[in-house]
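To keep things clear, I will list the structure first and then write my remarks on it.
Naming follows writing order (A, B, C, D and E), and every chain is counted from residue 1.
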Amino acid sequence: MEALVPILVLTLVVATFGSLLVYVSSILGPKKHYTRTKYMPYECGLPGTESETTNVSVRYYLTAILFIVFDIEILFMYPWALTYRDFIEAGHGAYIFWVMFVFIALFLFGLIWEIRSKALEWD
Amino acid sequence: MADIVVFYIFAGISLAAAAGVVFHPNPVVSVLHLVAAMVGVSGLFFTLGAPFIGMVQILVYAGAVIILFLFVVMIFDLKTDGKNPFTYGLVTHYAKLLFIGCLTGLLLSKLLFKLDGFEFQSPDPLAPQYEVRNLAKVMFTDYMFMFEVLGLLLLVIPIGAVALSRVRGGTHAE
Amino acid sequence: MQSSLSIEITHYLFVSGAMFVLGLAGVLLRKNIIVILMSVELMLNAVNLAFVTFGYYLQDVNGAIITLFVIAIAAAEAAVGLALVVMIYKNYKETNIRFFEHLKG
Amino acid sequence: MGASGFEIVVNTIKMLAIFLLMVQLVPILVWVERRGSAYIQNRFGPNRVGPLGLTQLLADAVKFLFKEEFRPPSSVAFMYYAAPVLALIPGALAFAAIPLSAPFTLDYDGQTYNFLFQSYQLGAGIVFVLAVSSLGAYALLFAGWGSGNKYSLMGALRASAQMISYELALGLSLVGILMIYGTFSFSEMVSAQQGPLNFVLFGTPVVIDFLPNWGIFYQPLGFILFFAATFAETNRAPFDLPEAEAELVAGYHTEYGGLKMLMFYIGEYGHMMVASALLTTFYFGGWDLPFGSEFLKEALPSSFIYSLVMHLVFMGKVLFFLWVFVWVRWTVPRFRYDQLMDLGWKTMLPVALANTVATAVIVVLFNSVGR
Amino acid sequence: MFYALLFAPLIGFFINGVRFRSKNAQVAGAIACTAMAVSFVSAVGFFFKLKGLPVDERALQFLLFDWIKVGDFSAPMAFTIDPLSMVMTLIITGVGFLIHLFSVGYMSHDERPAKYFSYLNLFVFNMLLLVLGSNLLVMFVGWEGVGLCSYLLIGFWFTDPAKAAAGMKAFITNRIGDAGFLLGIFTLFGLTSTVSFAEVNSYFLNNPNMLSTAWGAPVTLACLFLFIGAMGKSAQIPLYVWLPDAMAGPTPVSALIHAATMVTAGVYMIIRLNPVFLAAPNAMMVIAFIGALTALMAASIGLVQNDIKKVLAYSTVSQLGYMFLAVGVGAFGAALAHLMTHAFFKALMFLGSGSVIHAMHEEQDMRKMGGLRKLMPVTHFTFLMGWLAIIGAPGFSGFFSKDEILWMSFHSPRGSIVLWVIGAVAALLTAFYMTRLMAMTFWGRSRVPENVHPHESPLSMTIPLMVLAFLSVFAGFLCIPHGISTILPGHPHNFLDEWIHPLMASFEMPHGPNDLAIEFTLMGLTLLGILASVLLARYLYITKPEAADSAAKKYSAAHKLLLNKYWVDEAYFKGLINPIIRISRTLWVRVDVKIIDKCTYAVSDMVKNAGGGLKMVQSGNLQVYGLYILIGLVFSVWFLL
């Protein structure tokens, strides 16, 4: 809560600074006459042939899905790593180790499955 | 004073952005509004003494889930949903509106004016109950089973997603 | 309510409730399945907000933990939901929710 | 942060100073990069404007200011203009959360105020930095989508897929260091790294006098993973696939020119600075000067000056890593995209997992490493 | 360790049944045998652990999880290892292990060995559930489980309709018994409001006034119902008919399930609940008489059977009758002793017959055997030990246990001279038909067909035989009756009796001055009779084989009666099954189709029409479904907040 105000202010400052740069450059830059040719996509002097929509590999969104899952798993490891030594000092070292070991084993199993199923192959 | 301003800023951001998500006809813009809504809610978490939750919110939602949404709408090149982005049924349309109105009214009347049943302590802003350390200790003891089940769920999810997407070719391939 | 110049639990609950209703409206009214999924995320966020709020005002750490789990599960749900949407879009070029009626047995 | 006017003023100055420090480092870095690459490749590099070509970038900046404003007709105006602004924010926010030096005290009006050498301190600083830098992908996606250009979109998708892939290895390599120090706070981490290397080995305290108590000695593998992942996170060579000009023209900033292009560069260098600062803080003792901190604290007249000196130490370490970034760029050839993804998912992620488990085992066996 | 004991067979079942469906009997057998070995070793470990404890504390409790919990009633998935269940566990895992080992050789040419071994493992698991369960419901789970496995294994070669039908018969007959068993559990629960063995038993021990001689008393009813269950599982009159047919399964199965373990479940159950049964003298009398009659009747049928396994099957029924005779007169220790010795020698004989059948290329008819002594020396020798044990040759295990039962049936206050006479006659018949079996199979001249060349079985089959032969000979020294020990040097204790003593309700045997003299007189009489019948059988089947035929012709009516097993099966079909089928058919055609179906059709038409209207609601439109949820939400909020 305490740090929220400076974060907000800093964000505001940076955003203002950035917008100012963009605005200044658009004011100072020369305005040339826009012709149709200038707006055309340049493809070795020939008119474009491909369709507007791009065929993008499904891998990208698959990567994003896998990222979400693993990201969450890593995030749940953070509190564990934070309190790991507290648990050890309280005498529950083995407990907390095995709790996370099961979790990591599941993580690793998933990862190996994905590698084995060729979900991470880029061709 | 500062906390009031901060609260209104974030509440305003999240509600306005939520409205944007729901009512803007272009899904890409909806996604962008969703980011703003998530950041707003995250800020509210900060004001509620749960900065860790707020950061997780940003990291998971803004940093991962919405990136995925954005990937999908960008890869599919989804433009606006036509003139009317809403579904329309003869009766159900009005029924939906009616009951949404009912729910709003109920929430307003019951939540804002009759919230008596609880004993709310005035919270100490420095109270450490949301410190990550305490949170972790409870999570790895009381919620241990739930935690492992979550691990199992997170194992199943990518397997399902990968199995679903095991198709050759790209998004616009014939 | 005491003075309007201090932030009370009801303020947060109002935000949460309003967000929930907005998300609900999105789920019920929008045509595009992706936007519907986003609205579901909004509703979940509203619920999270309520959890954290109550946890804060009741001095209870369980609210935060449930929120963490909800975030994780919501993210997983979005991942699978979008995977389904992507597959349907790839095969039918369609994101209209009404199209999904044709998938019934 | 206190509420008194003095504190507000000092904090505001501090915040602006740190932001400007970051922005002002960019020209120097560009100069270092250009001159450095020339040095490595046995060329001269820019050497006409000013001594050693130092003012070259000022001239460039002026040139950028007066470039023609051009927006492709198929672009989306808001996203096209918002992208460069967004590129600045994550770096600035993250950099401001890292302690750049020892805390200092100032006397004003008969009262002593404590200040931290950072814009704001968060209990969970590490998570905050990770969260904020994960927002960096939006600038790329905005630029890629907003440009209305196929290559831009491809570059943006590649860049963000690469970023999120390596974010996993990055985040996971940190788990080990978190376990060692048991804190999310940068300041606590730095203060844990003071003094000579000491740890408890099977109940016996061991002190090694000639080595500093730095994280790299506890987490060598974690350091390597983190270091490699930062290259991919910052889209630097050898992982600069998103802007591989042979394939994608110039990636997501194909359609950008002038100051907007410069802002992307500021963002990228900002990212590099955050990465270097993190490396320094996690693995190289932050602003700790080995074997000299204590002495300097005694010798220097005020804590503010001590803080400034320590800041120089910190910046020295940061600059070293920035130089390594440049060095690597001109040494290692670029990866292919599938190699890049394979390295991230199939090598670094499992190794980071193994590192985590190994650290857990060691910590639980030795009961107390470091701290 | 307890988990190893209980779950090793289950894991073996999963590995064999689910994961590796190996076609190789060695592999599948190795897995199953390993599981059994683990189980047996842990059982032995528990035995020594139990032995090390003071006598009063010999009961180890293991709670797996709360299974059923309704109000005050609770039936946890809990297990008890006490001396009684320990004995059973040792028998099950030990004999089970030997039989698994034997099966590796026996099933080596089968097509589905993995399936076979997985069933066998599953059976052992269920049997362990049955004996280790600490309440009636867990026991019932095991009870049903072993029934299932028995069905699966009898019909293992299901492509043969007769074998499949035999499995069905066993299953249905057992179902009748199970119904009785369930009724018994309910009655007992009604009496004591608990299903835990410990609590039920202590309830009866602490309420001596529960003793009731009335026929309609709840406790008598409960005991009779439970005994119906035991009848089904342990093949007593009138539900014994399934056991001879069950010989359709592979021979090791007959040895394990239908001789050593499962069929003794009924006896075990009665011993386990002995305070309850002691409270119902009438029920015990019924049990004793039915047991004795079964022993006699089955032995008489066994006299004329020509199928080697059928003879053994009727012998098993007969020996089970002995056990029930023993429990019926209150001699629980003797029953357990006979259960144990019988498990050894009958398993031995079944395995030996399996060895013979294997050597004879699946030939079971004794008329085509003979003179196998020379060709299969190990099998013959071990079988000989089993023979000596079962006929009660002095010094062999069967002698001690059988003699104790006969003596108790005479001496116990709940026994009578009638029971002794029936038992003794059955013993004579036993000696006769077993000698006949030996004579027709091993001795005399060979009647083996030309194209069959019997050979000794491989080591994996003979080793279990040897171990079991050793046990058949010497196991009796664990349970030497009190009377015999008085004349033996050193007066050895009856170890088994002392071992299970803490679990037995006190049941005073009268002591008379002439007890010893009477006991030895009766024993002498029996022994003389046995000797006579052995000699008679030897005369009829070796010395003068044609004399047997002429005797059969002379008493052709009796011979036919016995050969056709008293026409019990036919009587069941005429008197019970066919009428039931006829009534069912009438009910189907007249009542079901004309009345009930019409009513249900009317109802279903109504539902169909209503559904046709309501189908509009389920449009498949997700958002309308969401609307329904919203409506529910609105009302919940309305009522709750």
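Some points to look at:
Keep in mind that, in the parts below, a residue touches a chain if its C-beta (ideal position, glycine included) is under 8 Å from a C-beta of that chain, and two chains touch if they have at least 3 such contacts.
Nothing here was measured: the structure is a model prediction, and the numbers come from that model.
Under the touch definition stated at the top, chain D and chain E share these contacting partners: B. Summarising the inter-chain layout, the chain whose CA centre lies farthest from the centre of chain A is E.
Of the two chain pairs examined here, C-E and B-C, the one linked by more C-beta pairs in contact is B-C.
Ranked by distance of CA centroids from chain D, the top chain is E. A separation of 5 Å divides the Cα centre of chain B from that of chain C.
The centroid of the Cα atoms in chain A and the matching centroid in chain D are 16 Å apart. For this pair, chain B with chain D, the centres built from the Cα atoms lie 30 Å apart. Taking the mean of the C-alpha atoms as each chain's centre, chain B and chain E sit 63 Å apart.
Counting partner chains per residue, chain E has residues 621, 623, 627, 630 touching two or more of them.
The set of chain B residues touching two or more other chains comprises 3, 47, 49, 51-52, 56, 59-60, 63-65, 67-68, 71-72, 75, 87, 96, 100, 103, 107, 111, 132, 135, 139, 150, 154, 157-158, 161, 165, 167, 171.
In chain A, the positions touching at least two other chains are 3, 5, 54, 56, 58, 60-61, 64-69, 71-72, 75-76, 78, 82-83, 86, 107, 114.
Interface note: chains touch in the pairs A-B, A-C, A-D, B-C, B-D, B-E, C-E. Within the complex formed with chain B, the residues of chain C that make contact are 5-7, 9-15, 17-26, 28-32, 34-35, 37-39, 41-42, 45, 48-49, 52-53, 55-62, 64-65, 67-69, 71-76, 78-80, 82-87, 89-90, 95, 97-98. By the touch criterion given at the top, residues 1, 3-5, 8, 51-58, 60-62, 64-69, 71-73, 75-76, 78-80, 82-83, 86-87, 96, 99, 102-103, 106-107, 109-110, 113-114, 117, 119 of chain A touch chain B in their complex. Within the complex, the chain B residues that touch chain D are 28, 35, 51-52, 55-56, 58-59, 62-64, 67, 70-71, 74-75, 131-132. Chain E contributes residues 619-623, 626-627, 630 to its touches with chain C in the complex. Remark: chain B residues 87, 89, 92, 95-96, 99-100, 102-103, 106-107, 110-111, 114 touch chain E in the complex.
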